[in-house]
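For clarity, chains are labelled A, B, C, D and E in written order, and residue numbers in each chain start from 1.
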Amino acid sequence: MFYRENGQFKTSYRADSQIFPITQDRLGILALFVIAVVGIPLLADEYLLRAIFIPFVILSLAALGVNILVGYCGQISLGSGAFMAVGAYAAYNCYVRIDGMPLIAALLLGGFFATLLGLFFGIPSLRVKGLYLAVTTLAAQFFCDWAFLRVSWFTNNSSSGSVAVSDLSLMGWPITSPASKYLFCLGFLIVFGLMAKNLVRGAVGREWMAIRDMDVAAAVIGIRPMYAKLSAFAVSSFIVGVAGGLWGFVHLGSWEPAAFSIDRSFQLLFMVIIGGMGSIMGSFFGAAFIVILPIFLNQFLPALGNLVGIAISTAAVAHAEIMIFGALIVWFLIVEPHGLAKLWSVGKQKMRLWPFPH
Amino acid sequence: MEKPDIANDIVLNVNGIEVIYNHVILVLKGVSLQVPQGRIVAILGGNGAGKTTTLRAVSNLLQGERGNVTKGSIELRGERIENLSPADLVQRGVVQVMEGRHCFAHLTIEENLLTGGYTLKSKAEVAVNLEKVYNYFPRLKTRRTSQAAYTSGGEQQMCAIGRALMASPSMVLLDEPSMGLAPQIVEEVFNIVKDLNQKEKVTFLLAEQNTNMALKYADYGYIMESGRVVMDGAARDLANNEDVKEFYLGVGGGERKSFKDVKSYKRRKRWLA
Amino acid sequence: MAFFLETLLGGLMAGMLYSLVALGFVLIFKASGVFNFAQGAMVLFAALAMARFAEWIPQWLGFQSLLLANLIAFVLAAFVMFAVAWLIEWLVLRHLVNQEGTTLLMATLGIGYFLDGLGQTLFGSAIYKIDIGMPKEPVFAFGSVFPGGLLINKEDLYAALIAAVLVALLSVFFQKTSTGRALRAVADDHQAAQSIGIPLNRIWVIVWCVAGVVALVAGMIWGSKLGVQFSLTTVALRALPVVILGGLTSVPGAIIGGLIIGVGEKLSEVFLGPYVGGGIEIWFAYVLALVFLMFRPQGLFGEKIIDRV
Amino acid sequence: MNAPLKNIPPMPVQAVEPASPGHRRAAPSGGSELHEVKSVGVKNIGDVILDVHNISLSFGGVKALADISFNVKEHEIRAIIGPNGAGKSSMLNCINGVYQPQQGSITFRGQTFKHMNSHQVAVMGVARTFQNLALFKGMSVLDNIMSGRNLKIKSNLLLQALRIGPAQKEEFQHREAVEKIIDFLEIQAYRKTPVGQLPYGLQKRVDLGRALAMEPQVLLLDEPMAGMNVEEKQDMCRFVLDVNDEFGTTVVLIEHDMGVVMDISDRVVVLDYGKKIGDGTPDEVRNNPEVIKAYLGVEH
Amino acid sequence: KEQFFPVLSGRTGPVAPNATPWANGHNDYMKLVNARGGINGVKTLVEECETAYATDRGVECYERLKGKHGGATVFQPLSTGITFALTEKVPADKIPMITSGYGRSDSADGGVFKWNFPLIGHYWVAGDTVLQHIGKQAGGMDKLKGKKIGVGYHDSPFGKELLPILQERAAQYGFTLQLLPIAAPGVEQKATWLQVRRDQPDYVILQTWGVMTPTAIKEAQAVGYPREKMFGTWWSGAEPDLKDIGQGAKGYSAVMMQHGAEPNSAVVKDILDKVHAKGQGTGPKDEVGSVLYMRGVLGALLATEGVRSAQERFGKGKVMTGEQARWGYENLNLTQAKLDALGFKGVMRPVSTNCVDHMGSAWARVHQWDGSKFIWTSDWLQADEQVIRPLVKNSADKYAAEKKLTRRSAADCQS
């Protein structure tokens, strides 16, 4: 009853093409924004910030990038971990090798190098499609894993292959407290999130989706597959690269190539599919699902066990956790194959009709 | 043909069904129709009226579209069939020709047809049916070794129809069989329908936009409009109905108007809301 | 020279073992158009079941014979895999008819997680052994031709033979039976397949059962080589370039792809690796697959990707 | 994006002067009070805009097109008919650059090509609808039609990402043009629906809308009226005629409904299994015995 | 009054077979401490968090546990990767970290790494002692000249951590190293071992973990490389690695961080009596006393004894904060007498730490698999201070320079 757009008429295309055309949505988003920027840093304790919100924000950003490539442009990528790694290591090298390199510049440069790699590994996509393309991206993944382990120049000749950065600061403002780290990452997420949203609802986004849905038809209306695909690879790997930099610099502080292994790539892909392919919002949902659910289960199951008086071993919890996780993935897919974002919008549609069933 | 009154003459009885897609989109709002044994019944109606949805509901192909029958009942020869699988229905002789061809892209035309005979036990019957289909559509024979994806639209349509006939069905649900076919093939298809109907007593329920043809060959017709049946009657009566003539046959006012001369102001007639 | 041959042989046999896993992927892809990410989990699950049954059965029934224990364990494990196949169809696949490939792919992923957890919960997460009497020590053949002989790993040789037989059987199944054709039809278009009376549910159960048995054989052989433990799931990643190179829909492709990848990665690691610091075989396998794809985007024997308006 | 071929003189879309008298036709009699017919009077057929010369195309053993030649004149409605599998769609695919003919050439506005390149063809102003619906399934109606205007978008990636100034202005301009098309096709109610959920007939309309959004000079339509009832066909004809009248767009139309073809086309090519068996005005074609034998069957 | 010892366990994933006994041993000893009356009356409390040997999960576990139950006393990450990540975090949180037998070798330098404690051994000790053993087999270190030693290592910071000492020694004694990186989890090593077969190195050292170890030995068997010439470091030579290979692994040796399998030691008997007999055992009974189980016990011993020593200074019978416990670890003095009293007679040697030396002991022994169990095959070996110390110092200095840290002052050492 309350969630209706009745009476909200759009008199201009500008008004109609707002990201959230419905007033209630806008209010909701505003509230969310305030909570995210003010509420969480104030209220959340260190654990929540460090273990949940910071990874959530960074991985949302990465998932956003992956979604552009996979969800919007339809090019399945299992190499996102590699692009994160390139972002992180390139940023690291820029940061430690060039004196006085500002943090943000280093991160953006990381993104830039990830873009170069993305373009390179995007070239096969002009010929290879679908799952076959996934192999190309896996080649990128394994190659990068190997390169960062083996080429010691990338790790500034650290003997263990593990690198670290510390004492981050942004124009004199130290980024060491969890809250400041969180806000720093959130800033990236908001800026890139908005830009990505603008891209996908604009001409480039339509090109990507057109290529995804029907490439021959897209070519016939004048879209060049090469330009569309490579731009998707570029934009996606830039964002993923920056996320990689943040993951290394801000979240981990010190990392080894395994931080960006194939598992990370899979994780990002799951986020996109579970959250909703081709939906910016879906990236957030997906990241939340994949980041928070396991942690939640991990803490909740023993508590539940205690409640009924059985001590559950961590192994049993870990196994139960992945079982429940797997079952939930399947369950959500059955309820809504197009991901959580779609589930959300169907929910909204129902709410619009409420209290009538249809 | 009169409205059938003997209950057990009715093969298919659709009773007030509602269909909802995706839990929110209500498409059929209480559709009822009956198909008597050995007859040809046509569903007519504009784009989006719900013809395809009705056929999908009958053949139980709704699930794949995330659609659900939420009200009403569907009976085949007195047996409730809403919960059967499509394969069960084929076992009971009900086969649907899907709108939009849906040939198996990677299979050759012949393989497509052979797959159509999947439910048949005897190899001989498959061979006979294959010969029959090739007779109906000689064009398919010349293209038998092509992968279906690489045949023309019309060839695919023939393939889809032929594939359904391979199962020796007792009842066929035809969704826009004439779409994309050249005129003489359309004629041919309807002749096949008539032929099967008369010789092999196959019952047909067809959704068709080519109203002209449909009413010429059908015994009985239902006209649908935004998810409801708004008119039904014997085909002959419908064909003579002034409204039907004007809006579905394009011969309002007695004679055929050139497509060029039709004006584009809102002329659409709506029976209901 | 001898060493080159040894490497080549080693590669060929490793390749056969990859094929065995690759086969599972191909089967399910062929039959439903689904890329089954749970394949690795199925291999582990099957191997765990087999290993533990072989350990428990003599205890339960109180006999000693290794052969008998293995036999019963194999049969029991096969039944377990049938049950898994049936449950997967019943709980998951039938609810996802006509959904896009990515959705199904994700579902198999969920299944994979679930099986990983379930397997280890039921059967434990330590290292278990499968002892099917595979010879572990190498033999040295052609001692007269090559000084020191040519090393041949008997275990790998047997494994390769088993793989070859399995592949031959499955090839026949797909090429010659009407079920094979029905499977391909299902992969093309779920709905159309349903509309002409192909019982999707039954087909899927059958295919997943077959895939389950293939996983069991793969798990048994890999398990006998490596021990049965969680890491067995990662062999799926090694099999991936094989599937892709051979073509997602081709049973013989899985074999040829396996041989090419096996040989390619072993030769590269042994002869190229030392110059660049080693550890290149994984990415080399993928790059090799990629190079082939640039010439044939559907893999060596895959069905052409149809692109038509 | 804006790389039109330099040597093509810009053609004003609207006022096309009759270069050659061509044949003239009477306009629809009696415009209604609700529909303003702009070009009451005489339809001006212009010069040859598209000339297909000796095209041959075969797939393995199948000869889809054998030595086909015909031309299309500016502002006319040119129909291609023929039995199923005759090669009609393949012909359009050649013009579009989707297929590469093995022989022959295509001349478009004075430029001759051995084979076409899809992007270039689009830039030159050729739009197309598809027989087997090739819409972008995951996108809304609005986005599908908007994508038809992508060629016209000038702002770069960064501007689009920031959506400031010119990028935004441009977006709104195109949106306005697209809204006109949506109004024109009467699909306002479905603006934001994903096209995959639309009934078949409406999808065909969206397909047309996407082509129209390109503001093409030549519009290739592949069975636009399949799966429609008479009323809807009448609407579709109206759209085609209006486009043809109001914007002077040249139309190449494949259609199996002879009523439609005979009523609205200016000239008709008839193909039969890759060969051309007839070419002329509807009346000529209708009475061509070979055509009757191969395609029409009985007199319609 | 409970002293909280968080446990980062690895009971799932590719290293589960090996990491599980460690955690079981650790927890059993903690229970034993409680059964014996706690640390001067302070009971121990453990809570596990599963890392599956993944660094990011380890970091999450750290964040989760560090503030629980009144604050963590000490972390034992049981992974070199996690150690690297936590090394950046513990100073800020003021929680010490014991990395007994793994982690950063340079963190033995307490002057730079105030919060790290690689007690009783790090990988450079392992590397040095295993070379000494090999030298003895060869008949003297000088006999190694011109020899070729293969090193199969886990391709990660853990594996690479061993290399500096080997390289140092190779330069010194004139043997060559053949590096054989193995990608985790290490189930595919055919190519590696084909190389070994071709090049026939005189010895092979394994720095592996989890399933990688048995796979390596099986592949060695498959190419016919003699197991007698294969030497593991101490995470690569425990029962789960070898029991299924049985005879096939006969002759394989591994250097042990002091203890081996100690089923007959007093502490094991005590655990069986006071913990397992009461049905409170964490894992299966037959695993008690096995190699990795004992390492877990040692970990728990060091963790609790540090607290005990801290209590000497900050108040007996009190719960120590992380910062206080750190002082305890830095001033550990476990004499032989104390060890004997605790039941560790014959299991380990005395340990004493100070401000600069955070390791406290650098002894090791080698045991060999005889087909069904391990037997000791060497005397006590001590890593060469002359070599290790400068390596540690250089590396620590480099770290300090990178991080712009200054060495701790003498005053800081007192706090």
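Keep this in mind: a contact is a pair of C-beta atoms (placed from the backbone, for glycine too) under 8 Å apart; a residue touches a chain by one contact, two chains touch by 3 or more.
Bear in mind the structure is a predicted one, so any value in this text is a computation, not a measurement.
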Reaching chain E from chain B through chains that touch each other, fewest steps: 2
Closest chain to global C-alpha mean, per-chain Cα centroids: A
Higher-contact pair (C-beta pairs counted), A-D versus A-B: A-D
Chain separated most widely from chain B, comparing mean CA positions: E
Reference chain C; chain at largest CA-centroid distance: D
Centre distance in Å when chain A and chain E are each reduced to the mean of their C-alpha atoms: 37
Between chain D and chain C, distance of the C-alpha-averaged centres to the nearest whole Å: 51
Between chain C and chain A, distance of the C-alpha-averaged centres to the nearest whole Å: 32
For chain B paired with chain C, centre-to-centre distance based on mean C-alpha positions, whole Å: 44
Of all residues in chain B, the ones touching two or more other chains: 150
Per-residue overlap in chain C, given as positions that touch at least 2 other chains: 99, 120, 125, 277-279, 282, 308-309
Set of chain A residues in contact with two or more other chains: 145, 149-150, 214, 216-217, 220, 315, 318-319, 337
Touching residues (chain side chain A, partner chain C) in the complex: 76, 124, 127-132, 134-136, 138-139, 142-143, 145-146, 149-150, 214-217, 220, 262, 270, 273-274, 277, 315-316, 318-330, 333-334, 337-338
Of all residues in chain A, those that touch chain B in their complex: 337, 346, 349-350, 353, 358
Contact set on chain C toward chain E in their complex: 3, 6-7, 10, 14, 120, 125-129, 136-138, 140, 151, 153, 155-156, 225-227, 229-232, 234-235, 238, 265-266, 269-270, 273-274, 277-279, 281-282
Touching residues (chain side chain E, partner chain C) in the complex: 11-14, 16-17, 20, 155, 179-183, 185-188, 190-192, 194-195, 197-198, 210-211, 214-215, 218, 221-224, 240, 244, 248
Complex interface listing, chain D residues touching chain A: 96-98, 118-119, 121-123, 127-128, 130, 134-139, 143, 146-148, 150-151, 153, 155, 157, 160-163, 167-168, 171-172, 175-176, 179, 210-211, 214
